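In this document, chain identifiers A, B, C and D correspond to the written order of the chains, with residue numbering beginning at 1 in each.
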Amino acid sequence: MDFAFTEDQQTITQAARDMLLETCTPAGLRKMLEQNQALDAARWATITEMGLPGMLAPEAAGGLGLGLSDFIAIAEAAGYAGLPEPLVELAGVAVPLLAEFHDDRGWLARAAAGEIIAVGHAANPFVTDADIAAALLLGHGNEVHLLAPEAVVLTRQESVDPFRRLFRVDWAPGPETRVAASWGLTAERGALFAAAQMIGLGQRCIDLGVAYAKDRNQFGKPIGSYQAVKHLLASAQVKIEFARPVVYAAAAELDLASLPARARAAHAKIAAGEAADLAARSALQVFGAMGMTWEVDLHFFLKRALALKFAWGTPALHRGTVLSRITSLATGPDATFAAELAR
Amino acid sequence: MKLEYTDEQRAFRAEVRKWMAENVPAEPLASFDLTREGFEAHRLWERKLNDGRWGMVTWPEALGGRNLDLIRWLIFEEEYYRAGAPTRVNQNGIFLLGPTMMEFGTEEQKSRFLPRMAAGEDIWAQAWSEPGAGSDLAGVSATATLDGDHYILNGQKIWSSRAVFADWAFGLFRAPGSERHKGMSLVLFPLDAPGVTRRPIARMDGELVFAEIFLDDVRVPVANRLGDEGQGWNVCMATAGFERGLLLRSPARYQVAASKLVALYEAHKQDLPASMGERVAQNWMDAEAYALAIYAMCSRLNAGGKIGPESSTNKIFWSEMDIAMTQTALEILGPRAELMPQAPDAGDVGDWLEDYIFALAGPIYAGSNEIQRNIIAERMLGLPRG
Amino acid sequence: MDFAFTEDQQTITQAARDMLLETCTPAGLRKMLEQNQALDAARWATITEMGLPGMLAPEAAGGLGLGLSDFIAIAEAAGYAGLPEPLVELAGVAVPLLAEFHDDRGWLARAAAGEIIAVGHAANPFVTDADIAAALLLGHGNEVHLLAPEAVVLTRQESVDPFRRLFRVDWAPGPETRVAASWGLTAERGALFAAAQMIGLGQRCIDLGVAYAKDRNQFGKPIGSYQAVKHLLASAQVKIEFARPVVYAAAAELDLASLPARARAAHAKIAAGEAADLAARSALQVFGAMGMTWEVDLHFFLKRALALKFAWGTPALHRGTVLSRITSLATGPDATFAAELAR
Amino acid sequence: MKLEYTDEQRAFRAEVRKWMAENVPAEPLASFDLTREGFEAHRLWERKLNDGRWGMVTWPEALGGRNLDLIRWLIFEEEYYRAGAPTRVNQNGIFLLGPTMMEFGTEEQKSRFLPRMAAGEDIWAQAWSEPGAGSDLAGVSATATLDGDHYILNGQKIWSSRAVFADWAFGLFRAPGSERHKGMSLVLFPLDAPGVTRRPIARMDGELVFAEIFLDDVRVPVANRLGDEGQGWNVCMATAGFERGLLLRSPARYQVAASKLVALYEAHKQDLPASMGERVAQNWMDAEAYALAIYAMCSRLNAGGKIGPESSTNKIFWSEMDIAMTQTALEILGPRAELMPQAPDAGDVGDWLEDYIFALAGPIYAGSNEIQRNIIAERMLGLPRG
């Protein structure tokens, strides 16, 4: 029992985090929007060179052969940076799915090398980044189909988060497009990594709020010296502190695929969503009217959090999973860990 | 205590309803913030209201009003929102400056400004906040320097809704060298005066709903000062009372939203957990509670009472209710909540997302909720000042 | 449309309130407990002399022939005072029920004159004040039966509020005990007047907290000058301000007996319960550890509020009533008042 | 990151479970607050734990401990709560004073006090707060006046749980004339010393769970001072860190409560609205989140980390969770929630009401949640002091 990242994990996370924070700045985000870019090619090249898209792919496919726990804090850092590129969806969702296929038709290696694979799972009404995907994994009943971009018709659906590139995908399944009979744990991995991003987003909102509260004076002193402002931000930080370990635990347990493991991912999604929501709204209150403007960076993170809260299963759906876990399986202090319940 | 309308009140409601049915535009008007055309369409609507003597029903008849009591004002508002009539482009004028001017203005000011305000000939913007003075309004630094029978205005104002296309603004300025609550005056100035520059500010969703006003040696006659020299703070606080207390936040608005929320829930309930019904019920109860509290307040005001610090309780309640209500709607919409209304598959998402973003500003503007809680604690409960 | 009490209503309320606050002090409550008294005879005599028990009884039965709106603020004052005697249950629940009977067997006049009638409605598992009742109204199926104290067996059930004298009543129905075929609006009146008492209880908690916050110094100044303390109490006051008008409206509308009228009473019970709960817990936080003690008076009000929150229908039950009102009848700004919906 | 016990850890759990099954009293012990008999029964339980070397498993073996790491401590606590073993009458000693003494005490003090503490021979009470010094602990006014090699203690202490029957107390005293954080010392004194008077305080439900201690010229040797002269504040803050951070609030306690809540819900769910299931699920998630956060913290501490201001986040989380959890239970019990356990028809109300009342104290004691939020804001987030 060791609930801490290994040194290796810390090293790779720190490197990825440093790279993301250095290359992905709010100023850069604004520039991408002005130039209507979906992807920063230089950053994506760096991400790919670091091997991040293939972290969870087996070494045979050119990946690093690592597990969910190795990538979870990188997903958190991607949220913290407000990363617009679909690294988390590619490395955390598409790659593990491709790795489960009997025949991935070569796409696992291509994904691990940074080619974007869009994932159209029934949990989400639209497909993100479908317009920049080299291939699309789409659902037909329970089946997974693999489509080439030429074989689908895309209709853009504007999101409040301009970096969320949502599309309705019209396509026709055929025997030749079918690649798998089921999605496995795709929905749970989607929820888990959305949760990780939300932890990062929430923490970023708090950090922005704290910086502003130190700087902004009203009634002759920094607003951060008022108890009301302090307590707003402190309460949000408490929410983050008790959501983050759930996310990390869910990453460590999900591969067990049991109900306790799936309930943990559900819990992670609920808790991270609430924490990010509270953090974003608390920071907004600290920023005051400035926070409502396009000029201040807060909205990039607030809007991403809003969208991710409902992506990969609503809070209501995930609550249902938790409720069925606690009413059908043992609870209590010796029933905390999924691995122990699986014995 | 009689919670039943009189026959006269019912007849009044029928009259409003009939007029609205005949006059409210079938299609929503274009935004008054984005284009001059949209703004002018709203001005025309103000004129049409005024022509029907519906511009401001509580105003005196001589000013085109109907001199109605607050219960009838509530009935009017209920029918106004029920009919889905356009947002009042001149709300800063008719709801805030108008009542303030009736209380503090000279006869000359009243006759110069109020009829034009009522008729939509002058659309007003508010110019209170400054980049360095938000919650701490006494921190404003824009100056009004006396120069003979004129003031020379200098400084920067922010969060002036409507200011991009409006005709006039009322703002808080201070005598050079004065400090905090002293030495301030409320001054009215035309937005097309030489030295005035206006710049729209984009909201987080890209909508242009605020503006900045830069004042560079803007000359206005001293006769444009509302209230006495140096009394600007008191005049401004009276206006703020109108803002957070009552006039800008008639309960009908939230009751219409609650009805829409019930309909949204009904349309989706087969896919929702049972608890969503309880949330919707809570939102509806809040809207009802707000309406009842305002009816009680209006009954008291009709009997000669005054609005006191309870306007701060109103502000906290409506702002938190508005967030809770729009949040429920987003929860019901689930993964479609993030869609902009123009998305091809937006379906019935409607304006809930924009309403939510607007609601997020509620605890901030018109005196942040932190300030309102201080007011309640100190003035209603009598706790000592910090 | 006039949402204000008449001068007459204000006069009688003020007189009752003054009397209650003068005669019912926390010191007096402590004395009653020491002496194990269920009722302060002198106070009950004054209450009876003022005609309060019979306010809602017709004049023919010696009452004042008034309505629910006339008594509602007195019930609130009884809550504020922490009145231990069952004035509210007698005047607000038992008397209106007796007044609906075809044949009250003389009990309406006796109740109006201050004899205590215990009410055993199915909304509550136990009967309050059964040991000091001159008669008991008990339920058998939908029917109401009237029992003499000699004809029942009482088992005391200790409540956290020592002034809540709860009893299980064992008894046998017979044709001769049956007095009515149904309870009419008894449950709704019970909920309404519990709500009114909770408004008073909540306000009392806030007032106690405010007084202590002005007086108690920490870190060199009164704790009431700290924003955190101010905001606690201010938030509780906001809850009270938006529950009280609902209670008053419910009193004015309940006799319509329609679904909107019953939903209003349900709303009143929910809102007043939440307001009193928040007020009591906020005041407790202000008092700190002192508030946890028997020595400080706060607990009298906190415990009564806790009990009344679940009496006469749980919040969950009342939410169900509200939900059925909004999903079956018109809502919106022209559908606020029950009288208008009844036209 | 490996969320799986080792075989050794599993064997350890089995060992604890077996011992508890064989030793935990079948019937709950009488209250240690109400009678000397109940108190002594709990002392016997402490002795029995110590005899089995289960008194404090993280303590060194020389002191009767097992020198176990914090993960095994968590496993021990899980089995302890799972078995429904008695509340630790000596928690002030073993969880608070013990670790503090190991850090700050002299060798003489360690050998004089710790073995007796471990064996239940000395049961300890805490004597920090005073009527005038609650959240503001630096405001204590009780004095320790140096008189040769003795201190003369005078003053009044309050909220000293267990003090009525305990043997010793540790308290915060100041040198006469000293102010605020300076000049304080942590002094140990026997509760049967001449000049010590103890008075129980009744809680709102009539239970006697606190006490006051009056000190009137109580003489204790200077050797009873823990830490350096005038360093009492620092020693006390270290102890407070233990109190709110970890040791007194092991997650197992809340996980057992959450399990009971699930069972209560299952027993009544046919009469409850569907939303109650969601509330129970939320309460369970909170207990899990707390457990996971503590496992993460213990893993970090095992690797040589220190507890910092995040102990304040723990304190806020468990105290709010405890209220939410017990409130859900009361909602499920509905009109039976008000019943005392001795009521003849109490049925399955159990201790939820008492647990709720106890939970209400959570945001108050061990540093109020207002103080904890200040600490988080200032020390974790770096916001400026008021």
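Note that in this section a contact is a pair of C-beta atoms (placed from the backbone, for glycine too) under 8 Å apart; a residue touches a chain by one contact, two chains touch by 3 or more.
Everything quoted here is computed from the prediction, not taken from an experiment.
Remark: among chain pairs A-D and C-D, A-D carries the greater number of C-beta contacts.
Centroid distances built from C-alpha atoms place C farthest away from chain A. Computed from the mean C-alpha positions, the centre of chain B lies at a distance of 39 Å from the centre of chain C. Work out the mean CA point of chain A and of chain C, and you get 51 Å between them. Annotation for chain D: residues touching 2 or more other chains are 273, 275, 278, 370, 373.
Residues of chain C found to touch two or more other chains are 226-229, 231, 319.
If you check the complex, the residues on chain D that touch chain B are 273-275, 278.
Across the complex, chain A meets chain C through its residues 226-228, 231. Interface of chain B with chain A (complex): residues 129, 132-136, 139, 158-159, 201-206, 210, 272-273, 275-276, 323, 330-331, 333-340, 342-346, 353, 357, 360-361, 363-365, 368-370, 373.
Every residue of chain C that touches chain D in the complex is listed here, in rising order: 123-126, 155-161, 164, 166, 168, 217-219, 223, 226, 228-229, 281, 284-285, 288-295, 298-299, 302-303, 306-307, 310-311, 314-316, 319-320.
The touching residues of chain A, when paired with chain D in their complex, are 1-6, 9, 69, 206, 210, 213-214, 221-222, 224-227, 229-231, 233-235, 237-238, 241-243, 245-246, 248-249, 251-253, 267, 270-271, 319, 322-323, 326-327, 331-334, 336-340.
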